[in-house]
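Some structures to go through are shown next.
Below, chain A partners chain B and then partners chain C, in two separate complexes.
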Partner chain A sequence: MDSGNGQLNKRRRLGGREQVSAYLFVLPAVLGVLIFYFVPLLVSFFGSFTNWGGLEGVFDASFVGFKNYAGILKDPYFGQAVLNTLFTMIGIPIGITLSLLLALLLNRGLKGTNVFRVVYYVPVVCGIVAITLMWQNFLAPNGPFNKLLEKMGIAGMDWLAHRVWAKVAIVVMCVWKGLGYSTLLYIAGLQGVPRTYYEAAKLDGAGGMQLFFKITVPLVRPVTFFLFVTGIITGAQLFTEAQLILPAASRNQNYVKTVVLYLYEQFGYGYVGYASAVAWLLAVVVFAATGLQFALEGRKKD
Partner chain B sequence: MERKIGLKTPIFKTRGGNRGKRAGDAAAYAILVIGSVVMLIPLLWMLGASLQPSFAHLLVSPFYPSGQWRFANYADIFTNAYISLPKAFGLSVLVAVPAVVAGSYVSGLTAFAFGKLRFKFKRTIFLLLLGVLMIPYPAIMLPLYKLYANFGWIGTPLPLIVPKIFGNVAMVFFLRQYLANVNDSIIDSAKIDGCGYFRIFNSMILPLIVPALAAQVILWFMGVWNDYLPAYMYDVQTLPIVVAKYNSDVAMQNEIPKVMAASVVSLIPVLIVFVVFQRWIIESVVLSGVKE
Partner chain C sequence: MKKKLLSFILCAFLAVAAFAFAGCGNKNDGSITLFVYAQAHEEAAIRQMAAKYTEKTGTVVNVNAVSAESESYWTKLKSYASSKSMPDIFYMGPGQMEYYLNNNQLMDIGSYISANTEYDYEDLYGELRDEYVVDGKTYGIPGSFSVYPMGYNRVIIDQIIEAGWWPSDVLPPWEDDPATGKQVVYTWDQFSRAAAACTVGTDWYGTGLLERWALHSWIWTAGADWLNADKTKVTVTTPEFRKGLKDFYELHRTRGAVQGVDSESAMNHYQRWLNGQEAFFNVGTWDVGGFDKLNSNKIEYGIMPCPRSDDPGSEWYTYSAFLGYSVAQTSKNPEKAVDFILYYTTSQDAYDILVKENKIILPATQSKQQTYIDDPDITPVGKELFLTAMSEGHTKRLPTTYTYNSEWFDFFYANTTEFWGGPGLAPKYTTDEYLDWVEPQMQERLDRALEQKAQDEARRK
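Then we have the complex of A and B:
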């Protein structure tokens, strides 16, 4: 039993009816997380050590030990998928930097700030499928982006057919789409910075750059950290953008294949045990990132 | 540029004084306006492209529809054989509205129990629920596929509806914190009057948390409306799925204006919701994101 209840007991005995009602109220959520989260998580863990094909039950599959994991780590396509996924994560620091600068501009108390906030937030609420299809056509060889470059005297190219530029396109799209969200969090973070800090620093003769790096950056660090960790967690699971950015004719090129796309492909081939092992490698990364977040947040509170 | 710091009413004049402040403001405006153009151009281009009479027109005038704007593109995609847009729209509404509303009500009830009622193992159960927030979806989707296949649910909307009805852990977490501001004495007096806890929730707590609950419903709705991977995984023909499929089906036929029209249609509901509720949405995003 946990310690909180002991104190409560002293104040008033736990009412029978209150407890029964409470259990009834939390029952759906508890059943929900068990059926739709924890049991599947354990099943995929178990399945990752078998040659599960998906058609039979996981317990009918035969145990293969670490064979799936060894196979994954030896597969050059998996290595490529990991590198592709890591490549797209360069958008995290870019997005963080841009949104902090944007938040500083939006925190000057200018007229129309609210309008800008809404405008920058529009891409955040837009569905990723529509956005990716738009971006795909926007960057097409005869699309508007190349026309724009042409007008500026720059020769365009088939960006999405290029192994590096296609990934850059995903990065740009993700930064563009997520900017409004991180800016919003930074604005909230900046509003929590006491004004007196700046005033005192300015009296001491600190310049704008010093104020920025010595006061602003350290004081919004919790937001930066939050954005960084959530960026890694969602970035590691990148799927839709990478699946849909290329035109249908050249879909599933290895140069944009992410870890989850690789996982889905293996699932499609019927290698469900193998795909479960991929899923668990991914899960370990996500757990580590979340654990890091909890650990550092806990340390901050001590 | 030396004064990036957000002082709304500067008490101490900085180097350059008011003139510096005004120049800084002008520069800030310039950057913000350019940024806004960059944010909106791709979206406006999508809208423009959706009204192009044909692909050939799009090539000649890529930025805005030349000559006649063809609103009939929108009528076409609703009757087109390649894409069953009305059906997909209905399915998306079914998945994103009743399921989300029901799940939000259940989340409210759960949050009430965690926030206001006393029961054994409360902390343990709460931590169990919170654990869900760190589970990445790809790690559970393969067994879930198997589970839904065993139920015969693949290809039906049930995999996107049923799990939501059990509540949303992130929402429970948020509402529980919101409930901390609700005074216990209301509940105590209701108890003295002999009200059951279910009635206390419905008649007293629910009206109090409606603002917070509504904002969460809207955020969840927008997320579900745009969701792709689960629908793709369990073969549910929601709007994002059919729009993506339409894009590949007509890739050889240069139907880009109509693909863009279908994309715009898929965005309209969330954009309307966003425009109407933007103040609420922005506030609750901040509250849910930065938990102190």
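Then we have the complex of A and C:
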């Protein structure tokens, strides 16, 4: 009995020591997260209630209460930036739908499928700056797109100088760039759907549409959910595309300014406290949107 | 036991490495860091200077250049300042100095300048030096000044004259006006007719100016300005300002001086100028080095004054900008930093490499002005205008030089499609309506900057 207890204690001691080693191993990473994520997070949160200019210490700045938050909510250009950002998110359901359809096509095992998979994935690995500048040239008044329209007898226009079409251009570009990635995830998802489900449904007389909506769509829902959540998060942080889509001479026009671009400008002007408040508002909205999606997804599962 | 020991060593190593890397920005190995923004050809010249200095003194100068627009430079500098990792030396404009000074980022380098016997600080223009002196303390050394007059492409104009399309009552831009004995200054009307004459087919464009930079000439020659005398009120709704903007708009939209809105954005005007397809385009002093490499069969450019308003007795104007070098309050090698800046701004090497060989700046030293004008190897034709524009009072400062930040000014340009319109896009406002709409919003942003400045100054005091 004693020897049994001794063994147990020894094991406990060994387990305890292993735990210490394990904690030591993760310590650098934990420290990194604490120092480089949580401290700036707290500093920016505190800064958002001050008139912090960024160069002085945040604690040297004057406390202004909710003035920054009130100022942001009152600024019509922040409102415009929010609307611009929301507008560009139209691309999320469009991209998801297109990539699912594309994945279905590429999953049929047709000839040349691998070539197409590579082709669709190329934009994903291209630099966003290069892609944005390429689209800017493509959509220029004398660019290839207008020339193509001209051949079809349709009059083109300066798409990027138009308040709405410029945003549509960003949506199209983002969908195009992200299509390969989403398609790849859907292909993986589709390959995980057991063939037997389809065969059984067919025996019961199910048609193509029924197979798609009753089997395919529900079974790839985790992928759809993942794409939707990450789409919202990255969409809320849209920056480079909006900053570079317009030609240099007309850059920074308000009609394409997104929330992060607005934030970046405020930082540049030396209103770091104000910019921190914008960042926190954005974070809260993104957290809320993500939480809502998880809640809805959980309810669906139930 | 062995495993435990290995684990401990690994953890200790990781922790030490983490702290070592975290502190690597603060090492002091005697080298100095220079942070600037520069186009590719400018960066090459700056690196050449840095290498030459290292060769002479043994001090390593690490050049960190931002190749994007100047806005990115200022944002990055702000990040360095807020993360307490300022480079030893960095570009500092008089307009930005107040902000960095109020936030204790700039070192008073007066004593290091006085102690330096190698280079002649006094040779730098007095009015440029004064830009960096506040309350008797020196916070920077002027490095260069830039001017933004008009340029013309003689290849196009010669062919237009030969074809008989050039307006008979307008002298070619390289000729002197018999009435003044100086290079001809076009009125708005003459300029737009000359530019319209050079707009031929889809090959040649009369002009097409970058509104953010070129509009100033139109505003100032009309007798207007962006701000009132004490720089606290936005003044863009005065009749003079309205007139300046309206003429600039009409030049680009209604007078045939620009190829047409349809083709305007197909290729930007800067690119067209580089391709030798544009007759008139502004040439900044910083452009010369790059423009010299252009194809001389298509472009042979010279410098001319910007056009003046049609009012009798009006004067032409363009903007001038100063850029100097400051030393960070936190620099561990201020003596070396100051020595390098003085070498970079006043030495013979500076003239040979930056002014003569690479043509990226004008000489900021008084002793080199005449050498520059007389030097036949330095292009372009009419280069003396770069210097006389300033000495004869044809230059003004950019309005943001006088304000704490540029938000109010950027706002003006962030909405200009409202009156420009575009193909298939009707303008929302006329230029007059736009000015009425934009002024209160610009004022709101200027007030915000003034408030921030007052707060920073109060804290500093």
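In the analysis below, the second predicted complex is superposed on the first by the 262 of 302 C-alpha atoms of A that agree within 3 Å, B and C clash if a C-alpha of one lies under 4 Å from a C-alpha of the other, contacts with A are read in each partner's own complex, and residues count from 1 in each chain.
What we mean here is this: contacts are C-beta pairs under 8 Å (C-beta built on N, C-alpha and C of every residue); 3 or more make two chains touch, one makes a residue touch a chain.
Note that the structure is predicted; figures quoted are calculated from it, not measured.
Three-chain overlay on chain A, with chain B and chain C in a clash.
Of the two partner chains, neither chain B nor chain C is touched by A:Ala277. Residue contacts after overlaying the shared chain place A:Cys174 against neither chain B nor chain C. In the superposed model, A:Asn142 lies in contact with both chain B and chain C.
Shared-chain residue A:Ala242: touches no atom of chain B or chain C. Of the two partner chains, chain C is the only one touched by A:Asn51; chain B is not. Judged by the touch definition given at the top, the superposed model places A:Gly268 against chain C, while chain B stays out of reach. In the superposition on chain A, A:Val286 contacts chain B only, with no contact to chain C. In the superposed pair of complexes, A:Ile72 makes contact with neither chain B nor chain C. Within the superposed three-chain arrangement, the count of touched residues of chain A is higher for B, of the candidates chain B and chain C. Residue contacts after overlaying the shared chain place A:Ala81 against neither chain B nor chain C. In summary, superposing the two complexes on chain A brings one listed stretch of chain C into steric overlap with chain B, and the stretch in question is 80-88; the others among 26-34, 44-52, 80-88 or 116-124 show no clashing C-alpha atoms.
Across the superposed pair, chain B and chain C both touch chain A at residues 17, 21, 25, 28, 31-32, 54, 142-143, 247-249, 264, 267, 272. Listed in rising order, the residues of chain A touching chain C in the complex are 17, 21, 24-25, 27-28, 31-32, 51, 53-56, 60, 62, 140-143, 155-158, 160-163, 247-250, 252-255, 257, 264-265, 267-272. Of all the residues in chain C, the ones that touch chain A in their complex are 3-4, 7-8, 10-11, 14-15, 18, 69, 71, 74-75, 78, 81-82, 99-100, 103-105, 210-212, 261-269, 404-407, 410, 413-417, 420-425, 448-449, 452, 455-456, 459. Against chain A, the residues of chain B that register as touching in their complex are 1-9, 11-12, 14, 24-25, 28-29, 31-32, 35-36, 38-40, 42-43, 45-46, 49, 59, 62-63, 106-107, 109-110, 112-114, 117-125, 128-129, 131-147, 163, 165-167, 169, 172, 196-198, 201, 222, 225-226, 228-229, 233, 239-241, 243-244, 247-249, 251-252, 256, 259-260, 263-264, 266-267, 270-271, 273-274, 278, 281-282, 285-286, 289-290. By the touch criterion given at the top, residues 1-2, 4-5, 8, 14-15, 17-19, 21-23, 25-26, 28-33, 35-41, 43-44, 47, 54, 57-58, 101-102, 104-110, 116-123, 125-131, 133-138, 142-144, 147, 176, 179-181, 184-185, 187-191, 195, 198-199, 202-203, 207-209, 211-212, 215-216, 222-223, 226, 233, 236-237, 239-240, 244, 247-249, 251, 260, 263-264, 267, 272, 275-276, 279-280, 282-283, 286-287, 290 of chain A touch chain B in their complex.
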